[in-house]
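Look for chain A in each of the two complexes below; its partner is chain B in the first and chain C in the second.
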Partner chain A sequence: MTLDPRGSILDIRDLHVSFRTSGSPVTVLNGVTFQVARGEVLALLGESGSGKSVTAAATMGLIEQPPGSIDRGAILFDGVNLLGLSPADHRRLCGERLSLVFQDALAALNPVYPVGWQIAEVFRIHGRADRKTAALESIKLMEAVGIPAAAERAGHYPHQFSGGMCQRIMIAMAIALQPELIIADEPTTALDVTIQAQIVELLKALRARTGASLVLITHDLGLVAELADRVVVMYGGRVVEEAGVHDIFARPLHPYTQALLASQPRMDRSNAELRPIRGIPPNPAAPLTGCAFHPRCPRAEARCAQEAPADQMIAPGRRSACHFAAEMLA
Partner chain B sequence: MLSAPENPEALVAATPSLAQMLWRDSLAVAALVWLAVVAVALVAGLTVLRESSVSVQLVARNLAPFDFQRDVLQWLGTDSLGRSVLARLCGAAGPALAVAFSAVGLSLVLGTGLGLLSGYFGGLAGKVILRTADMIVGFPTLLLALVVLYIFGPSVSNLVIVLAVTRMPGYVRLAHAEVMEVRERLFVDAARALGAGHTRLILTHILPIVAPTLLTLASLNLAMVMLIEAGLSFLGLGIQPPSMSWGLMVAQGRAYLAQAWWLTCFPGLAIMLTTMAFNLLASWFRTATDPQQRWRLQPRGTKT
Partner chain C sequence: MTPYVPGTPLLVVEGLVKLFPGRRRGLFGPRSTIHAVDGADFTLARGETLGIVGESGSGKTTLARTLLRLQTANAGRALLDGEDIFTASPAALKRLRRRMQVVLQDPYQAFNPRFTVSDIIAEAWRIHPDVLPRADWSRRTAELLEQVGLRASYGSRHPHEFSGGQRQRIGIARALALGPDLLVCDEPVSALDVSVQAQVVNLLAEIQRTRNLSMIFVAHDLAVVRHISHRVAVMYLGKIVEIGTSEAVFERATHPYTQALLSAVPVADPVGREQRRRIVLRGDPPSPAAPPSGCRFRTRCWKATERCAAEEPALLDRLGTGSISACHHAGLQTSASGGS
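Coming up: the complex of A and B.
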């Protein structure tokens, strides 16, 4: 399939990542390919273990090698292959042009430094401001992410903040240098529902203001519907479907996406029973032949256990890795 | 400048000053008072008491302490040559502390540095560092010190180097183990994702978490080093007479243990109180520098 890299800020191509364990290497990413256009919100959707976070870690250069190993593929950021850069050059981009928001914000903040100092650290790492300017900037950022009494709170330590406030501080650090791409790894999973809504509003507002691209890693379909422009669905270390957010909800083309949507409670269908996806997620240490989803797939035929389905472009902006994708579209 | 204040540092003063926190811990205050006494004694020993600490008065041999009719210098008794124990205690403070501090400081810095490197980077170099530390641990400290000091001759600098090398493995192993744990924590990944390099990660993000544990070990080692120095001085391989140290005084007083208990007791007491003071201060310092423990040292009712 042909790609036009000019429009995309992030272009991941055929990414293979494996981890060495006591036994044989375990392949966790098995040819992941997707693009993020400038200014768009792309949701990376999938259950635990589908490879969403590893994709983010590979982009940010956080995979330790060994035990990890990036076996194949490319991660083009603004046309530059991040995997071909020296670690020092890669680091220069991280924090400055692309940044990451972690799921567990309290654990992602250093317990021995005040939060203001930690936000200011971004400026110091990249030599963008002297100590005093950095301290002032960090207070402004805390105000921008909606922390009340920011000037006073800058001197407080992470354990003195609630989970939602810690997440705001993480977001402040991620947007400090106005990066072109922000990856948010389940930014709301660790928060309760009302705080989730506030963080979603904050992400929306910041995105509207900065115009940065956002990769939203999540398994929360509500969040996807709220924020995303486009959705990439991952399963078992592969991309199984990609579509615009409307199409994903209106007409999912991959049996996994269909099953995922069917398993969610819906307000508009009061009596409908929830339909869980039967079976268990694939074990990356014991890879299956054929399609990774076939043991759980209601449509599976003999062929699904034999040959892996190709990742096919079935309509403009839509792809699906299922043997029956074309039939389902028809 | 918007609503942001002119001086952000002033706002960080939400936490009490070190002096305020010290005042809340009476044991730490007592420790500090004792160390101040030692400091005064040290200065006096180098200046006004320099002469008296070596002046021999054979008529006043082995005088018992606490006879307040006599000269102030004889209040803590005199030794077998009639020298003032008080003056000698002051004179010995300098060498004893200098040796202990330089040996502990050297082993702390070197051991921590090597432990940070082996824990953070691992690999072959890390293995070599750890196994070397194991080899030093496996060799009896006193035997190693004896061999080295016998070959290179007893001098203060050799003594410091031997003590530092034999104490170093503890710091290497402790730093290694702590770093292995801390470097897996999420905030290290977060700092890396912001673009922090190895040097910054180790020194700014990992070391402050590890440092309090290492400083506690160092304060315990001060006592240990003073005692080893005493033992080596006793064997004639440490500090050489006419130089003085508390350990040497204990050693010299041993022959008179039955007749003149004060010759060993007072320097022994000086070693004990000083090392205890360091331990107490180290424990206070650890609490004061830990943001999650600091409230224990804050005045009641001002918890933030």
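Coming up: the complex of A and C.
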């Protein structure tokens, strides 16, 4: 997958984020860099604590400062640095040109307002429509995301919907103003597998229809394989690998990605041996010198504990932050 | 019905029913009844792992908890070596409980935070004093910790000092302290980081093999269940809809729900994803307080006919393939079938 000639819609450069709770600040993003091309689905793959959700929160202006602090870097959205915008300007952009779908839709919706009202709120806040038009638009959106009897259901409250339906309502809100970029943070993790399949189909259909870019934040390799064009793998607050979706699965070039693939049981294979990753994920409060993966890495040498590997471009569209990346490619 | 029995059964479950009181209909109306598990029959052989899969509300956790008599069954029998767990006297139940132990999703919530790891493990021997003389407790604790991949010296630490994966190892050590015959695992890896899940899955598989344990493994992650189970039961709205060997269920499923469930799982391989066929079910599962008549899956099934509404399908091997399913129209999935 090559970058769209129209350039990237989102360009995150050397982003450093830390949090101060008690004692010394804890660095959770340690120089994150990646781009999202127009119209593509980029998967941000990582475990809890890898920094993928903090990256999304920083982009959406949702990091409260303090305790959070954006220490360095830039987040360019269509060439404009979001970190330089006033909170009011940032908010205006969010919803209009970029939007977010949360994992726990029921928690993200307001329990005391009908869902139609909440979808219509998007239009009203951004001054796009009067009350009446907004209400009609929200019913159209509910139909577009596959909610049956939308006109009637618009008057219902979030608790009257199932988890899958709440997620559809979240998606309706996210696409209301036809944004150019949608960030979906674990959009199906809380859902049952048959409902997850419905949401995946919905995301695919919307993508084909709207041409918006989608950043899919997930730890689920299956979802990545299903939806993504390109994959950015995060570990310990850094990007460790980036490649097209076929390359990531066929020929991963970072030991973490390789280990993650080998450790997951697969539905389509019986009893292939699971090779677990030894040890535990890194603790951001106790940062390591060198490569964050070295205590768990089968390839680690003395050098890995001392020297943080550079983020290397190894082939067109392929990066890996491993001292041995070039050897693995050879 | 003749269930598939690979060896002598350790556990025989017949007609297990567990109901919960539901919401009142109106202010003074009658309470509805939730049929959490509505007549489950199966056997579990010695040294066998039975996976139980299903979506939320299917009754899989209720089934596991009822078997352990953590809640009381409304009907049915569960015979552990011929002795009914559901009707056992308190003294007999205590004896039975020594033989059946549980591994929970989040053991941290079950640990007393003021206990050390040694206290947590030794509590089992305090309750069952005739299992192990006190003089052997510390030696045995160290052995158990090493068997689950922890250092013996961890015994003096407290649960909050451990990561999720390590806590689950402590939970497994605790469950093994009494040398049980049956281990019931309820979502044992779903709260763990993905990179740590495989460690615990491999540990449970190894323990099952080396101790020849019988294991009931309840999980919603189908890939994990396929990996660890000899046989698999698929539940939908309180009913077992299909049961068979892992291979039969995953390769030659004959119940439409099983087929839909399997096809819904995203495969971690992008090759050929455009060609992959997926059965996307309509709507959500109905409420267990008001299940559909006849076959409970019929409201979302693309094969449903009038017969499905009138007559509840029995769990049978209709095709002679070894996979037992509860569907009037049981059949292998062909490329032409599928709702999508």
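Everything below uses one rule, namely that the second predicted complex is superposed on the first by the 321 of 330 C-alpha atoms of A that agree within 3 Å, B and C clash if a C-alpha of one lies under 4 Å from a C-alpha of the other, contacts with A are read in each partner's own complex, and residues count from 1 in each chain.
The rule is simple: a contact is a pair of C-beta atoms (placed from the backbone, for glycine too) under 8 Å apart; a residue touches a chain by one contact, two chains touch by 3 or more.
Please read all numbers here as calculations on a predicted model, not as lab measurements.
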Which superposed partner A:Y157 touches (first chain B, second chain C, both, neither): first
Which superposed partner A:Q264 touches (first chain B, second chain C, both, neither): second
Which superposed partner A:A305 touches (first chain B, second chain C, both, neither): neither
Touching partner for A:H219 - first (chain B), second (chain C), both, neither: second
First (chain B), second (chain C), both or neither touched by A:C94: first
Residues of chain C defined as touching chain A within the complex: 55-56, 163, 165-166, 193-199, 201-202, 220, 222-224, 226-227, 246-247, 250-251, 260-271, 273, 278, 280-281, 283-284
Chain B residues within the chain A interface of the complex: 1-5, 8-9, 11-15, 185-187, 189-197, 200, 204-205, 208-209, 289-292, 304
Partner chain B, residues of chain A touching it in the complex: 60-62, 88, 91-96, 99-100, 102, 104, 107-114, 116-117, 121-122, 125-126, 132, 135-136, 139-140, 143, 151-152, 154-157, 159-160, 170, 173
Complex contact set, residues of chain A against chain C: 47-49, 148, 162, 164-165, 192-198, 200-201, 219-226, 228, 245-246, 249-250, 259-261, 263-268, 270-271, 274-278, 280-281, 296
